[in-house]
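In what comes next, chain A is part of two complexes: it sits with chain B in the first one and with chain C in the second one.
Moving on, here comes the complex of A and B:
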């Protein structure tokens, strides 16, 4: 299939949100683009799905906190139908005894505390506000770099040098004290930082969980400060660190992106898995679908992860060994499971009113709790007492469940991708443990469940072609970031084979429903792979 | 006597050790890929002259050998090596080299095509991790078979006569870079017309159990043809005369280096003729194409240096004092009667204008500095017609 008048300018492998953003951006610049998505539905890990009759939920990503403002502005997503059911979701850190800690707004953003539950000491309140301001300054720096193309690691051109200088300058501009502090904590672990500053276990547990959601880290793992900053780098309506829910679930975001793409003449084809990337004369010239059909294009852009793209779709034979080694070494071991419950009514959480349940509920009563949940994961076992990030989006959005009924969506950690003995045998046991933990906070919850779905990283990999079931297509670790994301030699979105580009979460800046990787990649495709 | 524990013994012995140890009178040994091998058996000059005038035996068992087999073996070697392997048929041996992503040489070696989908790669250094990682996506098995094969190199003008005396009928018809199968004492024996001295010569490959007998039969067959064991020092003289490059000397193996700027591309060590851009992708191709367009940084040249003092490790200067490179190997060549060297020069260098080697000679508590003028010449200083003639001479 080709558009009238010859080959496409670009074929995009995968209609995840980054593929959609990339396609729409290319379309906007006048390119003729086609998306080929393996699944029957667009969105990748940013979709909504009906998991029980009448009950719809965000299948993977459930909180919108990182969508890059440049992306939503450029694609005018609200015009294309994106609405938020809440833009200021609060957070409640659940305490086993019912003295919960409530935030009016997103964690870290609003320190006003609801008088009913746990009350923070004056010391914690002022430490928190200081810590929050500082972390948000650092996160702001990340935010700025998320929309830029990283320089090359072997910095040979003056542009690469400039890119590095820009990074150095941005850090320097924080001022002496902040710069020192950033360099001190950047590679450090969140538990140490929190223990230095705060007393409340509940508070530290909640921030600690935010730092490690979707990562292969525990709060005492090095790098967990960075992952917190990464999470805080997002903005909703200009408010840093804020949390939002899209109306209709995460699929609404990718629906709006698809609408923006279509408005820019992008052709979209679903249920079209790509079998291989066609290379002629050392240039990517198109894709071959599983069906045997070949779609030719001047550029091939892959939303799939780098390992799949380079080793399976392209093939190592087109690549050099050092590069293949780096790609093979990308770490993407998912540790987060996703729980969906269909409820025939709102459950009662001890110590909470019904109106509180519209907030994000965290089960992470202390740093130790989260770290203890993490320990078994290191050895290929699931947490007997997992930490959770829970939302009941149907409170904000009645379209998700039949009248009076609700859906609960939770990220559950830790559930290692490579579970010892395999998930088949263990899944029911893990489900029981999760229900036990939930029931301790909401005794009537189990009785309200009419349907349930637990997606392990293995399930996520199979359903969404997410490598290792990992949120980011590759761990957000210091050795897999920026000029080394996904690997050195492809960190400017161009793969070593001319004409092939990467635009997914595995590329800079990383995952989360952000769209920056897709946007940056589009800019590089337009430049024809030449360095920024 | 204190018996060393096995783990304290830091060297391996080759299958010829019982023979070489008996013959090595100087007790000068070095380790080569973990094996102990003689530097000099009796006298370096005698050994060198035997290589050039009669015949020598050199134990090459430590040479790293990989069996490369499977349906993709040929395609795999085409990916690995810079040269076109399609033309290398069963019965043939090809010299080649391979590069890293940056197009910098990792090592050179010989590939024996033993049959369809059946190759043997021989190199100086060990490279299994690189070879295995290069095989990702290929149906090919790679096995280090170094210890499973004993090999000895028979080199020199009388080498063919020695083999004939041993009864290898028709050996004179074996062409350069060809190999053939024979039998010796119930063991299969492969003989290839290959070597590292730049002269007529053969390499003989046998299972370790047959090594002792092979050595003895060679020494016996060569008795009337002036055969002698050759140490690595005399071998080095011959390979410099032949203009052969050596890993660790003319280039640094790319997978062992920590300083990427010290490496050399094939073009930079005079091996551009081994790079085939037409055959499809191979490791380092994109970088080498770029180099082809933008130019190389170095050139490996042969030098004819005034005087008779070998210019070991000398800087090469141009004009008054512009340093343009270094000598990698140097020798007063007894056969060519020239003071020769291989040198790595930065490009572009000016052939016409006064290159000189800065030679230091230490004599009895005194350093003398010689500014020896030199000329860039063909680096095959020694290349006799008998090396290439078929049938081979058997006087």
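Moving on, here comes the complex of A and C:
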């Protein structure tokens, strides 16, 4: 199994999308790489799964909007089988009364369609276009830095100094007005920014939901402008902020990545849980599997989160206490649940035609609605009236459901990871609340359901090995970003133990099916190889 | 008509500080004040015979010692008496006390959690470190990061150098501290919810954020960085009430020939030929000056006291978007005697300091949820002090004055605007809450002054009743305060300056905005001090 001449150049723990990207990039540069994945299939949180006979759905992440173009280019993912069933998914902000607000493309990126529903005022239209121009510009800046290794503040090496200078220069280059605005709103909350500029509650609610989706923030929480920028930083086919669905569900993305990895001679071993990272003479030299087998490699790269990697697999004894304290302090407390419904036909949403259902539907009629949904989650309770992001991907991709039938996939917020009293007892009650809310918009939905599945953050943690059920392996908070992600001292993808690297969503720039963390980590592994 | 060198609008502590610095530099300065008394939100008034109230602000710590020295405030009668710690009472009759003495504090925390007592050492050292870093910036003008002027570039370089000097680890920790929530910050150290609730109170005072909101850790620091007589983090009562501070500032100002005109409401700031040249008072009187300095908050200054045509539209837009959110109320009570607090053991100095009833983080955060919903906290955070225990000169013999600071109280209520009935209902919430912890309290009440954000706005002139003249959030600090590009005390109109808490470094009875503004004005006048 091991390559001729002994050890691998790198062993990758975990075959999530970042692990696959990292492996493929290393393979491409001529390294001999092996991926060991605990589950029986690859993909991590970017997989497709059959949750009822004949019904397939993206089991965690369900919209592709952040796959970094550098990643898809470098790995030539389209050649390896990645196809999009739609690359320009529209958005509809649902209104309780049926006067919905429709966007042809992504919210914040495209103009609203002024049809039968809510009509934006002239003032809102012009404010929105001004706000959009600014936010997309800032998001573009973010995009550029997602594919770079964060510098260290110490700046003792010329590379760190250069990295800091680049950051400073990029911000300066925005020009005086935009720079000032960026430095102001970066730490602000989205509710204030939207209330300052816009009038329509429906519009503000929808943008507000986009800002807080997958985070432990409400629209009034400072930091929520940043999370919106993060969401807008993705590009599909060069269009910033656009939303796409992969054909065959999210698993198709990781399938293509795995194909790219294999094409680069990467060995892949599934159902191979790692027991520990082997350390010899203060250096990570390989991994020991649950089976007892040891795989030796010059570099050990972990796609698992920092806590699992450093505390469970490596062991705190190899690290200094300050670092351990920081790792323990990483906040990863998921707040989003995932709902899957198998439907025996297309439901009717009041005020919408069948063709509208191919768009993304948002239940967030106002900022207050979202904020109110957020309140209980702070105290370990679920939202009695949750906000939702709904897609019916089978409209674009008939392979997902039997003919004439459909699947609905929704992100439901807020559902705290550490629910008081535990999820076991509460899950049915939460499901009922969700169905009540959905039925208010789509009265016949409940009758069309033939199977359903609700994944709480606890379920997501168990299924996808996401710490705390958090999409990003750690909150995207200003104090856990960039040179402090996952923690200071490991933000350059190298852990304090030589030979050990981190390549997961817990590292810069974070999660979303982006692949940038894996790509950046690969660059660091290659550089590390040269130095030693 | 006489033309002053400078007119200062508003005799709050910052306005008087600016005025005193300018007069000391030899300028002919007049302060115009709307009320018949001076002090603004740092006033003391006798609303019940024989009792001196500290009507708004009620404790002193932040007042910069440099200013006390420069303006010789002790010589002009200011004496701050430090008090020892405070106490948080719990719903089940327990308590946790705070002391100025670190070891005593540690022992007290150990009663609740041995682990937390251990962590308290690290906590204390860490907070002190952040204090030291920020303290050097309080009396400086924030450099503008978007400017290419040598002064700003050097200023930025200087901040960067001082930051770099912290060392790599501390640089990261400092950035994290500035952006994280109070809850996350305290979670790093403590496990006991009571210990956290006891420490977290300072992170919400005057702020429309909950302790779970990112950015609230900084507000905690804002209340920690003060000092009394060089003892960092300690608080004290000015002898004779908070009004003693503006009193001493006024004396210092008048000793250099300054003039104060009370009962003079400024209707409008007069701009001629693109320059501020004076103020028009109610009743038609005009006062002319080469410089106009406003101690009012940014909205009162630019939106309400100026013609929009005198200002760039973009600037007006930004000032309108400056977040001034009222979130606090105040209840001042004259008492016939000392109330009992059975939870606090005899001999505990806590009852002479800050007494709290918020015994968990969730208690505080739920109070914030009420504010968001447009109502005052049904279970409010209370900061209760009895300054007359430390300073008996405020009250007749045997009587007491109780100051109760209340968080959260919204400036606008969901069920319609404030009125007298709602104010009374709010007062009842507060008094009932205190009575839960003090059985004889209600019987001792002689008089109560109840102040909602509505009253603070109408009487003190604070927009929305915000005690800091603007939220202390990341987007409104340093070079962003009050608006980006105008954080150096100047306005778009030549000759018009800002010196209130809407400017860096923000609110609290600190005097730093006033001193910084004076320095910039003198700089523009090319007067060396």
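FYI, the second predicted complex is superposed on the first by the 524 of 532 C-alpha atoms of A that agree within 3 Å, B and C clash if a C-alpha of one lies under 4 Å from a C-alpha of the other, contacts with A are read in each partner's own complex, and residues count from 1 in each chain.
Rule of thumb we're sticking to: contacts are C-beta pairs under 8 Å (C-beta built on N, C-alpha and C of every residue); 3 or more make two chains touch, one makes a residue touch a chain.
Since this is a predicted model, take the numbers as computed values, not measurements.
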Query raised in the report: After superposition on the shared chain, which partner residues are touched by A:496: those of chain B (first), chain C (second), both, or neither?
Result: first
Report summary line: Chosen between chain B and chain C, the partner touching more chain A residues is C
Query raised in the report: Thinking of the overlay built on chain A, is A:282 touched by chain B (first), by chain C (second), by both, or by neither?
Result: first
Query - First, second, both or neither for A:185, with chain B first and chain C second - result: second
Report task. Pick one for A:315: touches chain B only (first), chain C only (second), both, or neither. Result -> first
Query raised in the report: With the two structures laid over each other on chain A, which partner does A:375 touch: chain B (first), chain C (second), both, or neither?
Result: second
Report task. Mind working out whether A:440 is in touch with chain B, chain C, both or neither, as first, second, both or neither? Result -> neither
Requested in this report: Indicate the residue numbers of chain A shared between its chain B interface and its chain C interface, in ascending order.
Outcome: 322, 325
**Report entry** Residues on chain C engaged by chain A in the complex (per definition of touch)
**Finding:** 145-146, 164, 168-169, 171-173, 175-177, 179-180, 184, 187-188, 209-210, 212-215, 321, 323, 362, 365-366, 369, 372-373, 473-475, 479-480, 484-485
Report task. Spell out the residues on chain B that touch chain A in their complex, using ranges where they run on. Result -> 75, 79, 100-101, 130, 133-134, 136-138, 281, 283-286
**Report entry** Residues of chain A touching chain C in the complex
**Finding:** 152-155, 172, 176, 179-181, 183-188, 192, 196, 217, 220-223, 322, 325, 329, 331, 371-372, 375, 378-379, 477-480, 483-484, 488
Query raised in the report: So in the complex, which bits of chain A are touching chain B?
Result: 282, 311, 315-318, 320-325, 328, 489, 496
